[in-house]
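Naming follows writing order (A, B, C, D and E), and every chain is counted from residue 1.
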Amino acid sequence: MTATIQLKTQPAPIGFIEPAPEEGVVAASVYAGGKRVGGVAIEDAGRWSREPGHFVWIGLLEPSEQLLARVQKQFGLHDLAIEDAAQPHQSPKLEQYGDDAFIVARTAQMEGERISFGETHFFVGKGHIVSVRHGSSTSYAQVRQRAESCQVVLSRGEHYVLYAILDFIVDQYMPVLKSIQDEVENLEDEVFGDDPRAVDVKRLYMLRRDLLRLRNAALPLGDVCRRLEHAEVIAIDPALQPLFRDVNDHLRRVQEEIDSLRELLAFAFEASLMAGQAQQTDVARKLTAWAAILAVPTAIAGIYGMNFEHMPELKSENGYYVVIAAMITICVTLFFAFKRSKWL
Amino acid sequence: MTATIQLKTQPAPIGFIEPAPEEGVVAASVYAGGKRVGGVAIEDAGRWSREPGHFVWIGLLEPSEQLLARVQKQFGLHDLAIEDAAQPHQSPKLEQYGDDAFIVARTAQMEGERISFGETHFFVGKGHIVSVRHGSSTSYAQVRQRAESCQVVLSRGEHYVLYAILDFIVDQYMPVLKSIQDEVENLEDEVFGDDPRAVDVKRLYMLRRDLLRLRNAALPLGDVCRRLEHAEVIAIDPALQPLFRDVNDHLRRVQEEIDSLRELLAFAFEASLMAGQAQQTDVARKLTAWAAILAVPTAIAGIYGMNFEHMPELKSENGYYVVIAAMITICVTLFFAFKRSKWL
Amino acid sequence: MTATIQLKTQPAPIGFIEPAPEEGVVAASVYAGGKRVGGVAIEDAGRWSREPGHFVWIGLLEPSEQLLARVQKQFGLHDLAIEDAAQPHQSPKLEQYGDDAFIVARTAQMEGERISFGETHFFVGKGHIVSVRHGSSTSYAQVRQRAESCQVVLSRGEHYVLYAILDFIVDQYMPVLKSIQDEVENLEDEVFGDDPRAVDVKRLYMLRRDLLRLRNAALPLGDVCRRLEHAEVIAIDPALQPLFRDVNDHLRRVQEEIDSLRELLAFAFEASLMAGQAQQTDVARKLTAWAAILAVPTAIAGIYGMNFEHMPELKSENGYYVVIAAMITICVTLFFAFKRSKWL
Amino acid sequence: MTATIQLKTQPAPIGFIEPAPEEGVVAASVYAGGKRVGGVAIEDAGRWSREPGHFVWIGLLEPSEQLLARVQKQFGLHDLAIEDAAQPHQSPKLEQYGDDAFIVARTAQMEGERISFGETHFFVGKGHIVSVRHGSSTSYAQVRQRAESCQVVLSRGEHYVLYAILDFIVDQYMPVLKSIQDEVENLEDEVFGDDPRAVDVKRLYMLRRDLLRLRNAALPLGDVCRRLEHAEVIAIDPALQPLFRDVNDHLRRVQEEIDSLRELLAFAFEASLMAGQAQQTDVARKLTAWAAILAVPTAIAGIYGMNFEHMPELKSENGYYVVIAAMITICVTLFFAFKRSKWL
Amino acid sequence: MTATIQLKTQPAPIGFIEPAPEEGVVAASVYAGGKRVGGVAIEDAGRWSREPGHFVWIGLLEPSEQLLARVQKQFGLHDLAIEDAAQPHQSPKLEQYGDDAFIVARTAQMEGERISFGETHFFVGKGHIVSVRHGSSTSYAQVRQRAESCQVVLSRGEHYVLYAILDFIVDQYMPVLKSIQDEVENLEDEVFGDDPRAVDVKRLYMLRRDLLRLRNAALPLGDVCRRLEHAEVIAIDPALQPLFRDVNDHLRRVQEEIDSLRELLAFAFEASLMAGQAQQTDVARKLTAWAAILAVPTAIAGIYGMNFEHMPELKSENGYYVVIAAMITICVTLFFAFKRSKWL
């Protein structure tokens, strides 16, 4: 029967014209029966989304308020959701407005040596999915291409697209996590290396800050996925629910790893404090040992530098050599005694 | 039909006289159909609030007990709520008394360099909203003006006014948070700067205390908003519920940021402890190195200051110069050895 | 109809004889229609409590087991509750025994400079309320007088009396909290004052211990109040329920303040550790600086104290003065160099 | 009617023979109508337990697998429960096997100066209770005697026996807790005493370890009691339920005290760290002060020990005395200056 | 009736040929009536699993994707589960796909001195159980042999096999835990031994990291067992449910022990910090004492080394001996004074 409907609506795209690219619109296409029907202008998107068996997928990048208003008009989106989508710095969340859902996810990715964070907002409803990217984040062109190349997959509709992008976002966390893991391993080497001074306090701090941010991105997204999995907010097709559980599962692994790294860094801080304390004690011991060794010749020399008239040793032929020999003997003995007791 | 009623009640304001301003009453007006009908004396407020389609909005500033008693009489407010409203230092909360709700929110704002906290209490019921401000807080004149300038908005009634003020209160947290964020960043610079002595322990402590207070203000308000969103206590119009969810969402972001800052400050404390420890070790190393270097000429000079009659070196022509040269050589050698091993 | 009943029961107190005061019994009266009917002997208490519209209020102070047994017999109290009431060191709790409730609350109050803790147990049932005080706690005579002076209030029966005493107990926490707050502020001044040695470690520890105890007293009482508010255990008149919510609210404020103080003390401990570390480094720097300054004249004097025959400087007329001048110059230069780099 | 049944079953014990004592069996008796009917051999226990109005109470001490198998056969106990009962090191738990319950509790008691832990397992079912003791634990002979001496109590059946033993186990925690409390108080005296070196780090550690173990014993038992109180697993007579609540209450007090002690020990550790830091600074100050004081005569003496030919002071009659006097004056002045500034 | 069915299906295995061993397939057998019927090729596994009263048990070791695809085809396994099973680094979990369950467990075992972790995934459904091992883990041959040797046990079907392997996995944690416990005990000896320098910071860190990993393995498995026990996901035979409770119980003990060890290590870290601090103070005290003792002869000798012409002591016959005696007396006195006050 959907076939019949599609036949009836098929005539429309005759003379389908790819709309001109627009600032802020990364992609806007209509899909039906698992295939891309063609590009669509924002102004036609609403009409297409209401065609049975069709869905519209629009990707926006830091859109202007005007553009958002035009999109809002097409799909009847809620004012508050549009307000949120216009400004980044939202927490990951899933909000229901009638039959539509508004979803916020945070993205994280390596840019050279640094982690940069971004945001993607989604409007998902019957026949349409709109993604809005803010800040640093990879384009979803890759997701789009992979979806478009697989008819079966795409035929599952807008909820599948939502899954595909969420999965992609969570996948992006992995190299970030890997990079932090590598840094933590380097840090371990520093802490337990020969020269504890090599421990870079700032780096340890920065790692903890990055982990904190990654956790703030990943943690609330788990709740979003859980609610999608249980179709609490939007009526996700039961056949698609395991997909969202899979994303959630993926996220849980990310979180477990983040938590482990956080604990490891706390342990490393404590280990580093202990190592530092041991080192201080070492330095203090060395100071004490050298002070003791060097005080000996000074004290002896001082004694034979006294100006008493009657000091028999001063007259002896070998007195000087004996004293020098005694000094050296005592110093060397002390040196090895300190060596043996590990003070030096 | 409400129109008919309004027509019937409209005659009343004929000869409407703006009441004289009163101490403790910031504003008191009656609204109908999205427009301000006029000012209202406390004694008339109850009658107006019972007119269909009308609602009374009264703003009080640290009111006397007499004034509160008069307001109580007009709207039949509960004794316990009035008792609470008379004295500040309440926790944010939402309490139900029959059909009425009593709400306490804490305000925070920058006054110059310092954060100052205040409280606003609300009595919300059918046809009336009374706000009571205590301590330092911005006037809600701005909220009032914005609401009065927009008929559509105001026509949604007293619950919309409640939303508008709560939203305003949460918005006020933002500059406070921003100021703390800036301070934390300064602190980071201090901790990881060249001179760790620059870390101001007191400032770190004060930041933590301020964050604690801001958290005490914001955290319980989230529960208030959540219960308003779900209309648990007062019968909020479903169309208005997303507004309270939005405030709550806003608050969650504030809380997330507060929690992150709290963790960052804890990390900064630990980093600062490590940096301080490293510095102590550095000082101890320097002490050891200089003690060792300076002990050499003292010991040598001591030896040649001994008064033995038979000390051949003393008679050599160049003995003195050789010894001085030896001293300098040893000291310089030691100096560079310590330099190389980073003890100096 | 209750009036008719009261009329019928009123004749009984004719010839009402105030019972002789008894050891362990602070007060024992029967109330009806909001007025004190008269004192009552323990042995008559049960009978009076069963009179419609009457209730008996007995206050005990560290009663003997015999006295408790007599009270138990009058009101049919449960063995386990009586066992608990006989010995202090109970946790705050609310237990249901049939229609009766057994409540334990902990009291805290300032005695001079010290906080002293006590306990009050309550047996509340139809027509009777028995309070049992243990340890240090203010008499409830004040509550009794205030209640007896207000007919409206007293006419609400035994549950109102329970509220009045609980409210009084929670009010008593306030000066204790205030005193701890003052101590914490003093401590802050010490930590951030000029002389960190002034920080009294013992006082910090004692404050933390006191807060712990106060928290142990207040925290479980919140649960008791919450269950009274929701009439989970005893059938509290809905009109009285807001009163218990109010006590709970009061308690929540106490708890919030306790938690804030606990965090502040933890922060103060950490700040104090950092300040102490900075001070150690300061002392070590001073030691290093002075050791360096004083080593200079010693080394120079040592050199010119050597006994070489050929030391031309020794023969120069002004050699001595030049050397002394050099010593002073170097020492002063070093002193100011250390001053400038803040080592001194 | 139970009386009639008992009459019918009474004939059986005619010719009742006390079974010979057996290794691993501490006691095995059958009770009816609140009285001990007589001893019972393991092989007869099952039959007796099925007699109406009778119940069998068997106490085992580290039984062999054979003995356990014989007991299992009598009461139809579950394989897994028997497996658990054969080996100690179970966590406190309550498990349901059909109508029977298997309960594990941990015991703690003082043995001289040390705390020793043990385990008691219970099989409780219709007409039988079997206790299995492992490791160090007091015999329950005392519980048995007290129960047997009170007909009313014993007539309540096997669930009462369960209560009596659990109550006894929790009571045993008290002296252990008391002993730890005393140790903590000693530790406080050490930490805040004059000689911080007296703080025994090992003892502090051992106290924390003991508390951890006691908490592991007591904490899960609370859940067991709570489920018994609410008759979640076995159909406890409502009249007996308050007894289990009482044990739970008792346990909650133990837990509260354990938690307080844990926090106190954490505070004591921190206080001890601060005291230690203050002491270090003190030692460093003393070192600095003495180094400064002693450097003065050395430096002055060094100057007058120089061999310049032209040093007028050397020729003066009183030069020596003046210099000595100057040395003493400077040293004494420094000493008092350091005293005043509390460096000495 | 199952017997009749088995008779009907028995003919099939006539001419049963053991399939050739295959790379990645550890074992693949079909079982019926508690006995191993024979080996089975992957391609026949599906057919056998559908025979009433039969079940197929396949053990895979790091299978290729091709092999997994063949297994998937036989039992109709879900794509996502197969995807997960193909790659290790899954968190322990239990997922439902229609009537089938996919389970992930983490294994841990000692390999010489080191702990190595692995993973086992399970596909459990009507008539089949497939285990997939990844990384380091003991073969389940032992479980297989024990099961095959006991007809009663094996006749309980695939869920019993699941229990047997899970139980085996949890049992494997024990020696790992034991090894960590031993290490912790060694560490305690080090911390409280005579030479605190012996504390190996790295080992403490590594222990904490290992415990963290073991906890990550064991903690989520508890949830899996709990859901199996309550038959939330797959319809476990009620008679088998206590078995899973037993595994969970076992796990809870592992977790309790892990948590205790984690706390002990945290305590040990703190104790070690305190011991280290005490040691630092000791070293500083020793330095101060020796500096003071050695400064005495230096100062005295300096004084008598001055070149004043008029120093009467210098001319006395015994001056030298008196001064030497005085030096020794003062030094020895100081030495014992320091000894007495425990500075040396």
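Assume a contact is a pair of C-beta atoms (placed from the backbone, for glycine too) under 8 Å apart; a residue touches a chain by one contact, two chains touch by 3 or more.
Remember, it's a predicted structure, so these values are computed and weren't measured experimentally.
Asker: If you walk from chain to touching chain, how few steps can bring you from subunit B to subunit C?
Answerer: 1
Asker: Identify the chains in contact with subunit D as well as subunit E, in label order.
Answerer: Joint contacts: the list comes back empty.
Asker: Quick one: compare the interface residues of subunit A with those of subunit E and tell me same or different, with half as the dividing line.
Answerer: Result for this pair: different.
Asker: Rounded to a whole Å, what is the gap between the Cα centroids of subunit B and subunit E?
Answerer: Each chain's C-alpha centroid was found; their separation is 44 Å.
Asker: When you check subunit E against every other chain, which residues touch at least two of them?
Answerer: 273, 277, 280, 284, 287, 291, 298, 302, 305-307, 311
Asker: Using the touch definition from the top, list the residues of subunit D that touch subunit C in their complex.
Answerer: 188, 191-192, 242-243, 245-246, 249, 252-253, 256, 260, 263-264, 267-268, 270-271, 273-275, 277-278, 280-281, 284-285, 287-288, 291-292, 295, 298-299, 302-303, 305-311, 342
Asker: Quick one: in the complex, what on subunit E touches subunit A?
Answerer: 78, 80, 84, 89-91, 93, 95, 97, 197, 199, 201-202, 204-205, 208-209, 212-213, 216, 269, 272-273, 276-277, 279-280, 283-284, 286-287, 290-291, 294, 297-298, 301-302, 304-307, 311, 313-320, 323-324, 327
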